[in-house]
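All chains are identified by letter, namely A, B and C, in their written order; residue positions are counted from 1 within each chain.
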Amino acid sequence: GKKKAADAKKNEFPSFKITGFTQLDSAAYSQSPNNIATVGNAQDGTGFRRARLAVQGKVAEFTSYQVEMDFATAGRPSFFDTYVEQSNIPYLGTVRVGQFCQPFSVDSLTGFRNLTFLERSLPFLAFVPFRRVGAQAANIADDEMSQWAYSVFRTGGYKNAPLGDNRYGVDIGDVGGVSFSTRATHLIQYDPHANDRYLWHIGASYDYSVLGADTAAGSTTQTPFYQTRVLPEFGPLGYSEDAQAFGFANNSTPVFVDSGRYPANHFNLFGLETVYQNGPWGVQAEYMATVVDSIVGNIFYNGAYTQVAYRLTGEHRAYDKKNGTLGRLVPFTDFFSFKKKGIQGMGAWEVAGRLSFVDIRNPDSLNGQYLNGTSNAGNGTLVDSTLGFTWFLNTHTKFQGNWIHCMLNNSDRGHSTANLFVSRVQVDF
Amino acid sequence: GKKKAADAKKNEFPSFKITGFTQLDSAAYSQSPNNIATVGNAQDGTGFRRARLAVQGKVAEFTSYQVEMDFATAGRPSFFDTYVEQSNIPYLGTVRVGQFCQPFSVDSLTGFRNLTFLERSLPFLAFVPFRRVGAQAANIADDEMSQWAYSVFRTGGYKNAPLGDNRYGVDIGDVGGVSFSTRATHLIQYDPHANDRYLWHIGASYDYSVLGADTAAGSTTQTPFYQTRVLPEFGPLGYSEDAQAFGFANNSTPVFVDSGRYPANHFNLFGLETVYQNGPWGVQAEYMATVVDSIVGNIFYNGAYTQVAYRLTGEHRAYDKKNGTLGRLVPFTDFFSFKKKGIQGMGAWEVAGRLSFVDIRNPDSLNGQYLNGTSNAGNGTLVDSTLGFTWFLNTHTKFQGNWIHCMLNNSDRGHSTANLFVSRVQVDF
Amino acid sequence: GKKKAADAKKNEFPSFKITGFTQLDSAAYSQSPNNIATVGNAQDGTGFRRARLAVQGKVAEFTSYQVEMDFATAGRPSFFDTYVEQSNIPYLGTVRVGQFCQPFSVDSLTGFRNLTFLERSLPFLAFVPFRRVGAQAANIADDEMSQWAYSVFRTGGYKNAPLGDNRYGVDIGDVGGVSFSTRATHLIQYDPHANDRYLWHIGASYDYSVLGADTAAGSTTQTPFYQTRVLPEFGPLGYSEDAQAFGFANNSTPVFVDSGRYPANHFNLFGLETVYQNGPWGVQAEYMATVVDSIVGNIFYNGAYTQVAYRLTGEHRAYDKKNGTLGRLVPFTDFFSFKKKGIQGMGAWEVAGRLSFVDIRNPDSLNGQYLNGTSNAGNGTLVDSTLGFTWFLNTHTKFQGNWIHCMLNNSDRGHSTANLFVSRVQVDF
């Protein structure tokens, strides 16, 4: 008895389980002639947007780990959330070390598998550092109505790029390259008797990033720089080994806004967010502004989005108090495959709309300062309006369609539009 | 009781398990001088031909998934069968969406881990689109004597190539690029009292593929094209990042027949197949013909193979009625490692022979039409005769050897021969 | 009952479990001016040094398998120990076929997750072929005081390189390319009543490698060659797709000693080792010498290291009699996260020192013989002294710091020094 129990205890760690998901996306583009001239001729296509496998488990009572790789995105495979975490530390709460989404914005921290639309919003795509290597402390108030997290992390991603996923979880460079980020959220309304069905959440985020550089001979990033490149709220499908300059689309979704790469020392990023859920109704909005301390002085960019979702079949989404994010939608009935005389269900149905914009206009004084062959060709503003529907066949399988109407105002080439008709089949496990 | 059962139900999904296999191949080549001059000096070598891991499970009662990656083939890793599947749908049967082997040919759909020889036959290698992203419906007759499947899928693989595995599960291009494929099989003899030991299966397949192109500026595949490249029934070992033109063999098994790349709009592919099993005897044969609607009119290619296997130790192979394919051989006794006074077994032993050919001769009118630096240098006919043996140590471990005698008739350089002495250690799980 | 048992038996194989580990390293360099001039300006950085996932299990009573990939090192992913193994064979013992660490040196065969310092010693880094594809037999004496292993394997790794991990488990080339390696160890002192706490182990290794070449047109390795490149006992962090010549450090830890690449036919490698453990004290030392049969006659290189570790908290390390290696340290108490009124522990604490050197000086007669653009610029001697500490939070989580003082004597540029302040967060499962 006793020995057996001790053995069981002994064999409990390490534990493991596998989780992951795949997203198979299709896209059909309709671009105005000036849009083709500006961003390139976007090709229709079908392909895996994400294919992610993670191993997670515990190695001791308060120590857990995760190793997550994505086989569809740029690194083929790329490092995603790969970290070790120690919980129950006084004052600090839960400490995490590794590569993970830095604490900033509810859009950023809501898991990919639970997105309302096919991709996150324009301001997220434009401004948030996202997955980096660092250390974070996170905690929650005793009444569970507030949570907060803060982290220090290496600024640079792949080749010191300050934004976008750090595909290999590596940052190298003797210059700068340290960031601080924090986010705090609070539930100002929460019905404790109705699960997460009725709530109102507000939050704020702040990030200070010292940009980094690699000063070794032969490095292509000898100067700290800033660059943001914005996709039209639909992700890349294609062969990431072939890099694309702005204005090209030969093998992937083209970039719609590109600030170019220019010398800069640091940036300050601010964010405000709110989430409101009233049964089948969900509303979410964010505003972000970034101030880049560049070689020509401060450059100001900003963006925002607001989105509304309605579940025709009445469901709501779960809320994760620990992370201050929305979670999964669980359909009231699964879509049962029809047996001959069997039960039938419809799954859950959601419709949603989003309006988002980013303003990434560069001052003329930057001309002549751009690095690595980039230029002022891509800067401008982008407004997207999106209509979407989601059919949840069951808790883990969904089919989504989005119509994205992009209104681009490129500083060089002026106004152009594109319509994206995009769909996704997703299974998660 | 009741709550516990409900909890168990709740926790049942998603489920996962890991399956996979590795194949470690060795090759020694003996080429005639003209063969070296024609295809390049093939180097002896040892290496992993395939190393595949898949996660599979169910996310709802009738919804299953698989994510499969191969770490040895071209993409390092490459997408293999990665899909979500919904069963029990009336009329349609089982619907699958994702990347998977399109329904065509018994040789194609027999799993790699259950091949009689080290690789599939010449006509398969030459003509079958194989793994693509698409949607398939498959069903089986009530008496389980017939099954059929049909699919629509994106034609293009890696950079719009119409044949060979689609290594990243992506197809991009504004032109064409949609295919239809179907296969139906029937058991005209099946002894229901002897498992799968006595059976005679026939089948037919058809594929119509509209070839695709990427018209964006900078694309290297602006015109829909056809190209087939045939290996000598032994797979590539090497560093796939270095592409090889026809006639080179610096780091891999060389291509023996190459049609070159030429403009074409679509192709029609036809296949006939039969499988016969009489206890330890197994016979299998297929014929395939493809008609390419090219820039110079219809081009006709064809090929066939026939193979015989005999299990010295008496075993037969399982038969999968749902897919109309042969399955695993389960040895009567395992090869037990000899304990000092312990039991001993021999495993199972199989000998087999195969004769296969492809005829891929181009009309002279194609000269001057070849794309991307290809030419008419590689077209011709290839006949392979193969002798093979397999030692099954147990249900999951086998050692195989093949002697492949290749008789190549290159349109430019005439007749040449090569002998390949190749072996494999395989474990699957 | 009976049927159920038979079913259980039937379902027992194949089994699988997942194991792996991640190492997140950080480095700060302080180089003397001449060191920067000699090896390049090493950049500070943080990144994953190793991120390894393995699937392992049994497919029959005496047949086991492992598939292991690393997502952080050069191949992204790279093949690591991937093999099938049959045990209980008389005379031979356990036979393994696949890619694995060839039997040579206790430093080499001690698993990465159990290293005392962040990386293995200079002589290991300089001389040992390490992971290759081959076949090995291993056995242990009846009294378990001695074990031995021997193997034949393909000499070449990635593009016929004779040393360093064979990232893709492939070796190709018509010339040479076969090696033999063996290692035997003996416990001359072992207290059977105290687990592995008191022991004295000695061992010897020998490797004979016939160097290989790929003679196909277009190959960059047409001549058998020798080359060794030595890192300063800290591993590469960075983007391995960009190769670095000696003297560059734009995206990774620079190589400190590089023999250059020169024609050679074979080499003989010898090793002696000892391990001593007295409770919390551990001592380990090795000597290695290699004789390269080069185009200018025999070239002699050698190296050695000695290291001492002391566990402040009293623990010892496990010993693996089957492999003749040290294993894991299990802390007496875990570092418990502090609960409000809860239990507390400190984990285990270890301090250690190591002195190591390699002498890789080339004769002048090699000038003019170097291949592939290499030269005599990198040859010389390197001495490292290292101070290290390890905090084991629990059996599977540790935090390590090393101060490595490198004393380089480059044949061209003379003496220079570098100090590396490096740390690691590791979790294994």
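In this section, contacts are C-beta pairs under 8 Å (C-beta built on N, C-alpha and C of every residue); 3 or more make two chains touch, one makes a residue touch a chain.
What you see is a predicted model; the values in this text were computed from it and never measured.
Asks: Looking at where subunit A touches subunit C, is over half of the residue numbers used by both copies, so same, or under half, so different?
Replies: Counting shared over all numbers used gives less than one half: different.
Asks: If you fit subunit B onto subunit C using only Cα atoms, how far does it have to rotate, to the nearest 5°?
Replies: 120
Asks: So how far apart, in whole Å, are subunit A and subunit C when each is placed at the average of its C-alpha atoms?
Replies: So the centre of subunit A lies 38 Å away from the centre of subunit C.
Asks: Going through subunit B residue by residue, note those that touch at least 2 other chains and give them in order.
Replies: In subunit B, the residues touching two or more other chains are 18, 77.
Asks: Using the touch rule from the top, collect the residues of subunit C that touch subunit A in their complex.
Replies: Of all residues in subunit C, those touching subunit A are 17-20, 22, 24, 40-48, 51, 53, 71-72, 76-77, 237-239, 248-252, 334-340, 342, 393-397, 425, 427-429.
Asks: Per the contact definition, I'd like the list of subunit C residues that touch subunit B in the complex.
Replies: On the subunit C side, the touching residues are 13-16, 18, 55, 57, 59-63, 65, 67, 69, 75, 77, 79, 82, 84, 86-90, 97-99, 133, 154, 158-159, 168-174, 214-220.
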